[in-house]
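Paired with chain B in one complex and with chain C in the other, chain A is shared by the two complexes that follow.
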Partner chain A sequence: MADTARDAPPEQTDFHELEDGEELFPEPATTQESQPASLAAEDISTNSNGPKQDSLFDDDPEDLFAEATEEVSLDSPERDVLLSDGPSPAITPITPPTSVITPRIGHTHDDMFTHSSFDEIEEEEGGDSFDIHISVSDPEKVGDGMNAYMAYKVTTKTSISLFKRNEFAVKRRFSDFLGLHSKLASKYLHIGYIVPPAPEKSIVGMTKVKVGKEDQSSNEFVEKRRSALERYLMRTVKHPILLKDPDVLQFLESSELPRAVSTQALSSAGLLRMVNKAADAVNKMTIKMNESDAWFEEKQQHFENLDVQLRKLHTSVESLVCHRKELSVNTAQFAKSAAMLGNSEDHTALSRALSQLAEVEEKIDQLHQDQANADFYLFSELLGDYVRLLTAVKGVFDHRMKTWQKWQDSQMLLQKKREAEAKLQFTNKPDKLQQAKDEIKEEIEELEGKVQQGERDFEQISKTIRKEVSRFEKERVKDFKTIIIKYLESLVQTQQQLIKYWEAFLPEAKAIS
Partner chain B sequence: MMEEVKETASVLSVHDDSIKVTEVLKDGDTLTFIIVSQKLSGTGEYHVDRTYEDFEWLQQHLFSQGDVPGIQGVIFPPLPAKPQVNASPRSIKQLGFLALGECQPYCKALETFLQQVAAHSILSKNKAVEVFLTSSDPPGRQKVKKNIFNRLSQAVEEMRKEGHKDVDEFFQNERDHNLVLTGCTKTAAEKFLDVVATEQKIAVACGHFSTALHLCVEPGEDPDKQAFSRVCVKLSEVFESIKKNMTSVAENNVNTLGLGLDLESRYQEAEREMLFRRTCKLVELENAQRNVEKAKPVKKAAMEEVKKAAETEFEHTSGVAKQEVKSTINNCIPHFHVSFHSGLVC
Partner chain C sequence: LSAPAPRAVNVDLQTDAMLQVDISDALSERDKVKFTVHTKSTLPNFKQNEFSVVRQHEEFIWLHDSFVENEEYAGYIIPPAPPRPDFDASREKLQKLGEGEGSMTKEEFTKMKQELEAEYLAIFKKTVAMHEVFLCRVAAHPVLRKDLNFHVFLEYNQDLSVRGKNKKEKLEDFFKNVVKSADGVLVAGVKDVDDFFEHEKTFLLEYHNRVKDASAKSDRMIRSHKNAADDINRIASSLYTLGTQDSTDLCKYEQMLSLNLTWSCLHKIEARIAADEDLKLADLLKYYLRESQAAKDLLYRRSRALVDYENANKALDKARAKNRDVLQAETSQQLCCHKFEKISESAKQELIDFKTRRVAAFRKNLVELAELELKHAKGNLQLLQGCLGILKGNT
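Let's turn to the complex of A and B:
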């Protein structure tokens, strides 16, 4: 799907706005030959840091699944350097992936990391490609009154071997999605993975649906939610680690899912969450982290800025969508009044022209409505998603701080215990001494273990965050690029359609007299 | 200081369709319009500057031609409402399309008014028109004494006489038709105004979006950042041009269909007023007839006189009115033709 979208812009040569389109996404001609119509992130940068980094990822699947102990040694120092310093001149431009293929033999799950650029290589190999497509459809209302809920059909089409079948569908409700998210968050957030946030609860919207109001706004609400759920699932499975999580697999595959009760807003779990959130907020203000790594500081700043910008964009797009909807409504009303005027006018040619005008305006109104929808679903939702994602990213950074805090705390405790031990050495109470000494020794050993663990945790989370952040950035650019292309195409189409309508009307107008 | 204008018939010395309102000068709160018209005889132009009060003066003079037979049957070309430099919301609503855009729609409306007056067979004969268009001094601002169009009384009587059945089928039809048409045109004009206003709002929103995108540009060496920045800049440019397009579309709409609808609606109002005046005359005539029948022989002769006068007046009015109505059809079509023809961008 992404590929076909990519092909369209270069063909639009008659619109000079899109002549820029060629420059928009500069693709060196060589790349196009070796990887036809691929949307890989590396195409954007002329200084392609991309593929090399992808190849680096390929070694990781092993690492990430062997838990804490091993990876410290497997991580080569240069890798971190590459991730943090940006493009380094030593990296050669896109190499045909032969160098990448070799480490991958026998790894059935590398494919997670292949973005579409490696698709054709995968097909040559005959291995699995990153091919999973989830769609959320058929919202249907189950039950009645205040206990009613919307059930959505979740269809997965995939060729990844992880799954038992190639195509399957299950029925899920909104609280199931929330349950999935909370499980993933509790497992992964604190070790540094950016877990995509689930769509928001909306009490007003849902109540309308429950009560059974069959009107435009509740239909829109359901559609909005459906598309949000689809995007949520796609983002979750795009994440290589999350895809393999058993909870995710269970969610996608099993027909019966235990009801996630703890997601209800007013339950005890809900209250607990609120208390935790408040506690976190307080903690955040009190932790003064001694930031040793400039990369993290820079990234945090970057995300703060990005957040502000995206929010601004989001508000602008919302107002644009609102105005366009208004335009469509007004055009419809004008069409009606023009039709009435046409009916009451005696002069036949004028009357006919007015009626035609009314018809044209009606069609245009429909067009505006569609354009407004495109604006909304493409842009506005994307921006909203990213604003929420950024909150998740910030959360990850906060977790890192907490880990650091824990580490420091255990270190301080260790320090205190050591001091206590030293004190004991100098007291002269022989009978208590040995017992106390032994106790303290035990405690010290325990604490030393904790300190080491804390340090390792901290290192681990830092490393994970780095990887996650760079993955996130890539995804972000890719996402925006795809959406923008789609959006521009829809704009062009609308304009072309408008021109067609008016050109059809022109002879009628000329005929008046 | 001009002497009082004599109510003698005269021939206009300029081409009626050459009259143009070329520009508007703003001086604090007053607006001055420059009017250019071509001389009928030979080459040469008249350049005069007039304020809105001068237009009103002209209108007053046209209204007060009491001795021209059948004057009440004339559909007076409508003068747009008074423009204000810092317009209040109510006056903006009143002006409708003419309040949008810089001054162009308004100037066009004034121009049309003058052209219609100059082209009118009866009205153009009024000396005031000649004075207005050719004299380099501003015409006097004195109030003209007799004004048969007292708006206040009209409003009150309107309710009573509006529904009065007509003796002539042609006019009855015309009245009904006009009623419907006026309503429709007004609604259409209002709705179109909404459309144009929304288009302008969209243009503004696009502008905001474009600026917001510009803010997303980040300096940096990181290729991802650069790519993102590039995309943002390009998209921002796209939206900037969308904004320009929308603005020009809205402008176009105002200048063509918007103006057309506005003129049309005001013209129909004027026609309605004319038909109403005629109806009033009819009522007068019928009253006079009843008086004659009821009158005692002493007064009968006097009543007869009154009735005869009413009759003649009514006939004249009807005659002129019929002509006017028939030529209206020819009047409004060119408007719409022009509007549609040149207004086809959306």
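Let's turn to the complex of A and C:
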């Protein structure tokens, strides 16, 4: 199921050359799983650079998914995932995205390490110097009948040297986007990163397009989707970790992308996903975690409330869009009616004035239409995006719970083994005793390792979530503010137009004598 | 709930120093509205120069109907009766709000309640205005202002004991209307010799229908506007709740509040536009719908008189031929002739006045509409630019 060309060495080495902190993993054997997350500042020391990570990542490729959480879709290429699992943003010199990537050797490298904490680097990244812009455009229907699909042009403009060029474009279809999300989700969700969700599938919408209905509603559908895909990509690349993921880079850059078949709604993989999700839900209900950290409880509650509020807001905005469209239609109808009235009026000046009124109302109807679009595209879609994002956020908290559970399970198992060990002392079979003792000792050692790992994983995911949440909240406020400003600016324009129209009409009305 | 004397008069009238009528106060009780009709007059028939009485809607209707039924006034456009005060919809909404109180936040509830109360007040003001317009039209009419019933209506400070029509009477009315419209069709078919009236007939028929259509469409448009305004109101409350919940970060809180402010402003914008259009456009169209109907009724009465006159002529010819009941036929014919000519004469003037009034009213309202829209658009622009300034400066 190697549906990505990630084995292409040039890309990998390109990527890994730049990642120079990755060799600093203290315990290669058992810490694969937590590689990306454990790159806390503390772990980093000014060690040698150099691309040693290839060998590093080759160790224990299986181990990562030995106890895979249910979230990992079984069709994703786990092995390859491991290899690109290593985004170690903490120490990479790439971090200030605007600056051209400087060679990690020498002074710059030392400078990097003087402030190599994740937090500080993240602050740099989070600044306004983020320089990548993606646009999704030119939807084009490819093929015929039920096998037809829409191809979109994805254009990237950037000065980040992660990319081979400053400006480039590729053609992608909807399932490619879903495939990308699926890969990112399987890699990052379970370690606490908030992966932006992909736009929703729509069987009805797509069928209309396939069947070739070239009407208003299918055009609207395509535009809605195009816009959603663009927002999805922008959100994904805004995330400092995800930006550097090889799957993302490949998605944006490479001209050929193997089809992500497992994203089809009715595929066996899809069904498996649904089954796993159901199993999840049951498991979630049975985990009772001793929350030692009030922050998490508080935040979870906060997100619950936010979810409720945003959904309510979303509903109101959708209602507004609907009424505004109605208003536009009714205004147009009134305009026609006023024109008719003007025609039958036998006083000349009044007749003319009424016709002018009809014209004004017609123009206003167009304004309403534009306003409804603004309401929709700026507001309603934004709210929809955030409602879906919150699901991802809640998912990340759930993963933390599962990580805790895993740790607790290991601990319990260890406890049992220790008890078993103690019991061994009282066996009456001396010949078997030594063998059994050795066995148990081995098992206990292994379990002790697992427990430690479990604890570390839990701490790591907790840490990651804190940062992710802080980032998410900042982004949310910024996002909303930007959209509101855009929206208000569109309203300002509307008012200015209205003033023009009525100022033109007033003398006509006054001219009635 | 009582309102100060409204001055929103839809029709341009010439106030006569001799007789001035207005509604100086109004009181809304459970299911009826009590209007205080205030008169200032130098006419000798009245006992005082200035006086007030309290009247209800049914009494206005009684007065209007007495005009319609008076043969003497057949040649005039009878000022249309004011529509019945209708607070049902508004009351229903208020009731629903009360029932749903538990399901919304205090903020939302207060906002919605204010909205509905404002709506109620607006409807109230409108009904007062419409009753006033009716009285003013009567007072301005050279003949109707002298009507005895009108004077009783204005002066008699007891209850006129005019009860609303009972079922039987309502049924009678219904049949009368059916007969009238059937007759109207017959009568309309009669071609008029007089060009003026022929033209007026054609014009009024078409005009009336178009005003009806425009009135209905403007109502729909305004309703959509009100719906959009309600949505915006809800959005503003949600944003307020979000802002107050999100109080962990002070900056975010401020932003949310300014958002809420923005949306509250937006709500005012939409609500104001809807109200302006309602007042200046919808009410105007509704009024002229009624007036054009009254004008049509006049034409009908004239045509009816014409038909009667022609029939009387035929009867006279027959009587003369048979040399029987000639005197009777002659008297009848003369009466019909006189009636017809009287109606025709006054009708001509009435229709000319109608046009003048109509043009003046449309002019006034269209100018005021445009001025109001401009005023609000400019105000809104300032508001929006202010909000933008706050948001942009508040990084």
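Here is the rule we go by: the second predicted complex is superposed on the first by the 381 of 513 C-alpha atoms of A that agree within 3 Å, B and C clash if a C-alpha of one lies under 4 Å from a C-alpha of the other, contacts with A are read in each partner's own complex, and residues count from 1 in each chain.
As a convention for this text, contacts are C-beta pairs under 8 Å (C-beta built on N, C-alpha and C of every residue); 3 or more make two chains touch, one makes a residue touch a chain.
Everything quoted here is computed from the prediction, not taken from an experiment.
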**Item:** First, second, both or neither for A:E489, with chain B first and chain C second
**Value:** second
**Message:** Just to be sure I read the superposition right, which of the two partners does A:V477 touch: chain B = first, chain C = second, or both, or neither?
**Reply:** both
**Item:** Contacts of A:S337 with chain B and chain C, given as first, second, both or neither
**Value:** both
**Asked** Between chain B (first) and chain C (second), which, if any, makes contact with A:S319: first, second, both or neither?
**Response** both
**Message:** After overlaying the two complexes on chain A, where does the chain B footprint on chain A coincide with the chain C footprint?
**Reply:** 302, 305, 309-310, 312-313, 316-317, 319-320, 323-324, 326-327, 330-331, 333-334, 336-338, 340-341, 344-347, 350, 353, 357, 473, 477, 480-481, 484, 488, 491, 498, 502, 505-506, 509-510, 512-513
**Prompt:** What residues of chain A sit close enough to touch chain C in their complex?
**Reply:** 302, 305-306, 309-310, 312-313, 316-317, 319-320, 323-324, 326-327, 330-331, 333-334, 336-338, 340-341, 343-347, 349-350, 353-354, 357, 473, 477, 480-481, 484-485, 488-489, 491-492, 495-496, 498-499, 502-503, 505-506, 509-510, 512-513
**Prompt:** What residues of chain A sit close enough to touch chain B in their complex?
**Reply:** 17, 20, 23-24, 41, 44-49, 86-87, 302, 305, 309-310, 312-313, 315-317, 319-320, 323-324, 326-327, 330-331, 333-334, 336-338, 340-341, 344-347, 350, 353, 357, 364, 473-474, 476-477, 480-481, 484, 488, 491, 498, 502, 505-506, 509-510, 512-513
**Complete:** Note: in the complex, chain B contacts chain A through residues 177, 180-181, 184-185, 187-188, 190-192, 194-195, 198-199, 201-202, 205-206, 208-209, 212-213, 215-216, 218, 221-224, 226-228, 230-231, 234-235, 237-238, 241-242, 329, 333-334, 336-337, 340-341, 344-346
**Fill in**
The residues of chain C that touch chain A in their complex are 203, 206-207, 210-211, 213-214, 217-218, 220-221, 223-225, 227-228, 231-232, 234-235, 238-239, 241-242, 245-246, 248-249, 251-252, 255, 259, 262, 266, 355, 358-359, 362-363, 366-367, 369-371, 373-374, 377-378, 380-381, 384-385, 387-388, 391-392
